[in-house]
Amino acid sequence: MILGVHDLAVTRGGIAILDGVGFGLRAGEALILRGPNGIGKTTLLRTVAGLQPPRAGRMELPPEGAAYAGHADGLKATLSVTENLTFWARIYGQSDIAPALAAMELEALAGRPAQNLSAGQKRRLGLARLLVTGRRLWLLDEPTVSLDAASVGLFAKAVRRHLASGGAALMATHIDLGLDEARVLDLTPFRAKPAAPGQGGGFDDQFDGAFA
Amino acid sequence: MVELGKYAGTVLGAYGVTLALLLGLVWMTLRQGAKMRKRLEAQEKRMGRNG
Amino acid sequence: MSIWEYANPKKFMQTSSWALPWVTGLAVVTLLTGLVWGFFFTPDDFRQGATVKIIYIHVPSAMMAINAWAMMLVTSLIWLIRRHHVSVLAAKAAAPIGMTMTLIALFTGAIWGQPMWGTWWAWDPRLTSFLILFLFYLGYIALWEAVDDPDTAADLTSVLCLVGSVFALLSRYAVLFWNQGLHQGASLSLDKEEHVADVFAWPLWISMAGFVLLFITLVLLRTRTEIRSRRLRALEARERMA
Amino acid sequence: MLALLLRDLRLATRAGGGFGLSLAFFLIVTVLVPFGVGPEGGILARIAPGILWVGALLSCLLSLDRIFALDREDGSLDLLATAPIPLEGVVAAKALAHWLTTGLPLTLGAPVLGVLLHLPGSGFAWLTLSLLLGTPALSVIGTFGAALTVGLKRGGLLLSLLVLPLYIPTLIFGAEAARRGSEGLATATPLLMLAGITAGAVAMLPFASAAAIRVNLR
């Protein structure tokens, strides 16, 4: 088991939005989170990534942590493709960026500043960053936004290769990723019910009756 | 009335400023409190008291 | 029954609504006694004349300006360590009171300084320290105002209060050093309370007690307002989700 | 962490990186002062250490909101927070990069501007030394302010309001050392105090800054 999530509750702006979420990811597995806008896909991913504390529940992560990729790619406009990628590789203690460049077909663009890339090329560079992290668990938020069909194919290939080498991926999206083997988890049933008066554990629920 | 002599302006000014600031603070506190109480009551009434 | 039970908003609201009339009454009586006694029934100082009467507001307000910050520091720490919301809301409630006290201390100091030193403002170490304290209050309140999410604001302001306390203390010593560097102790100081004669002492003590009680009253009132505002926020959020 | 430092330095020196902007601001402020107080050499010489310190402080302030805001906008801050280096280290590297691109140039530029303000000959060494000791504290304290306000849309003004009071002790001891130096008095005490503030700030504040960033990211 690479990732285990048990009875997780997450909050956005101090308000519980998901409750009782549980799933597991083994090596070689991919899980796609689905659900309508605002259900809390991004929040769940950020919670698993450790960017915000869960309101309740338990998570088992790989000891080295996960590689997170959010809506923004974390690229610096004035740095070249190579410089951007080398920086992230060094942050993660890696040095070889050639395979990542090749996997995302970015070799021809290697010397170009990120500001001169198209939206799709930027996204591909952002995904290439995942390849240089050396992490087994990927947490991807809308990874294929602004990618054309060919690039989505590239992305799917990269994910498959990652899974085949013993990795796992947790993705949030509402468009087709071209990964038919991935399991799908619909978050709608986990939507947090508005706490019944006095039942919630948070500060905001302790008031009921205080003003009677 | 007490005899303040040549320092009347000074002393009265100091007490005046202090009184004005304190009353301002108290007034602000009470007004904010009343406003919030009213808004909360309206909200609770609308939501049927139990939330 | 532990003190932490008051961190429960319900408990706090109940206890404070019971205590408020008493504290308020006591504050009014003590403050009036102290100030009326000080203003009407004390002799003039042989050197400072009637201006000595300013002591009954200047010293207590200066004391409360510092105490309010100290209380904010303690309640902020309680929030950071034990996550009790009422604690940090009390810190938020105390800030404008502390700022007003600082302003009073500054104004009365300036008004006092005019006849004593012949100038409205001297960069006396004490006055300067209070001016700096005022800036710290300003920043603290501004940070509360600027952050939308109440828990984020609570965390950030608490960290600021912590760091600010260290730097406020540093500033105090820096200012002492700086001013001596300027005019070798030639400046007059408002430092009077160390040698206050008995006739002045009693009304001063009562006045100080009055300021403390006034502070407690206002903190209780404002904390109740803050708790209500949190409650309102929670209800509105619940309504949106339903 | 070294990688982060090098990246920030590279970014600062690229086009639009803002390197040199604070130095230019420092120059302009210094040039404006004689227009305000008159060209008389005696007055200028007397206020030169203080003016240069205040000018350096304001120039430093100018570039603070860039420290985290840009990384927040393009998502780098999220990624750095989930990266295998501690956030305290990220903050320290950022502060060091800020000092290398702002504090150090200001320190080196100050003696040149001292000439414009008729700084007495004995003052140059002390002015440079005091800035060298004091500007790291300005960067570290400023990084803390930037960390507090990173989540805000218009945090620039608030950042100044929060940071300037925190700058007071550094300014007092720094300017005092420079002034005493230019008047030929003993400078040991303010310099030691200044070094103490810098050492304390460098040692403690990254933890507070990292805590503030964690709060702002969640």
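Think of it as A, B, C and D in the order they're written, each chain with its own count starting at 1.
One rule holds for everything that comes next: contacts are C-beta pairs under 8 Å (C-beta built on N, C-alpha and C of every residue); 3 or more make two chains touch, one makes a residue touch a chain.
These numbers were taken from a predicted model, which means no experiment stands behind them.
Among the other chains, B has the CA centre that is most remote from the centre of chain A.
Judged by contacting C-beta pairs, the busier of the interfaces B-C and A-D is B-C.
Distance from per-chain Cα centroids to the pooled protein Cα centroid is smallest for D.
With centres taken as mean Cα positions, chain C sits 15 Å from chain B.
Remark: chain A and chain D have CA centroids separated by 37 Å (rounded to whole angstrom). With centres defined as mean CA coordinates, chain B is found 51 Å away from chain A.
Separating the CA-averaged centres of chain B and chain D is a span of 41 Å. Those residues of chain D in touch with two or more other chains are numbered 218. Residue positions 40, 44, 51 of chain B are each in touch with at least two other chains. Residues of chain C in contact with two or more other chains: 228, 231, 234, 238.
Here chain A touches chain D in the complex through residues 46, 49-53, 64-79, 83, 87-88, 90-93, 129, going by the rule given at the top. Across the complex, chain A is touched by residues 8-10, 13-14, 85, 149-151, 227-228, 230-231, 233-234, 237-238, 241-242 of chain C.
Contacts from chain D toward chain C in the complex involve residues 144, 148-149, 151-152, 155, 158, 161-162, 164-166, 168-169, 172-173, 176, 180, 189-190, 193, 197, 205, 208, 211-212, 215-216, 218. Residues 2-4, 7, 10-11, 14-17, 71, 73-76, 78-85, 217-218 of chain D touch chain A in their complex.
Touching chain B in their complex are the following residues of chain C: 35, 39-40, 44, 49-51, 53-54, 57-58, 61, 96-97, 100, 103-104, 107-108, 111-112, 114-115, 214, 218, 221-222, 224-225, 228-229, 231-232, 234-236, 238-239.
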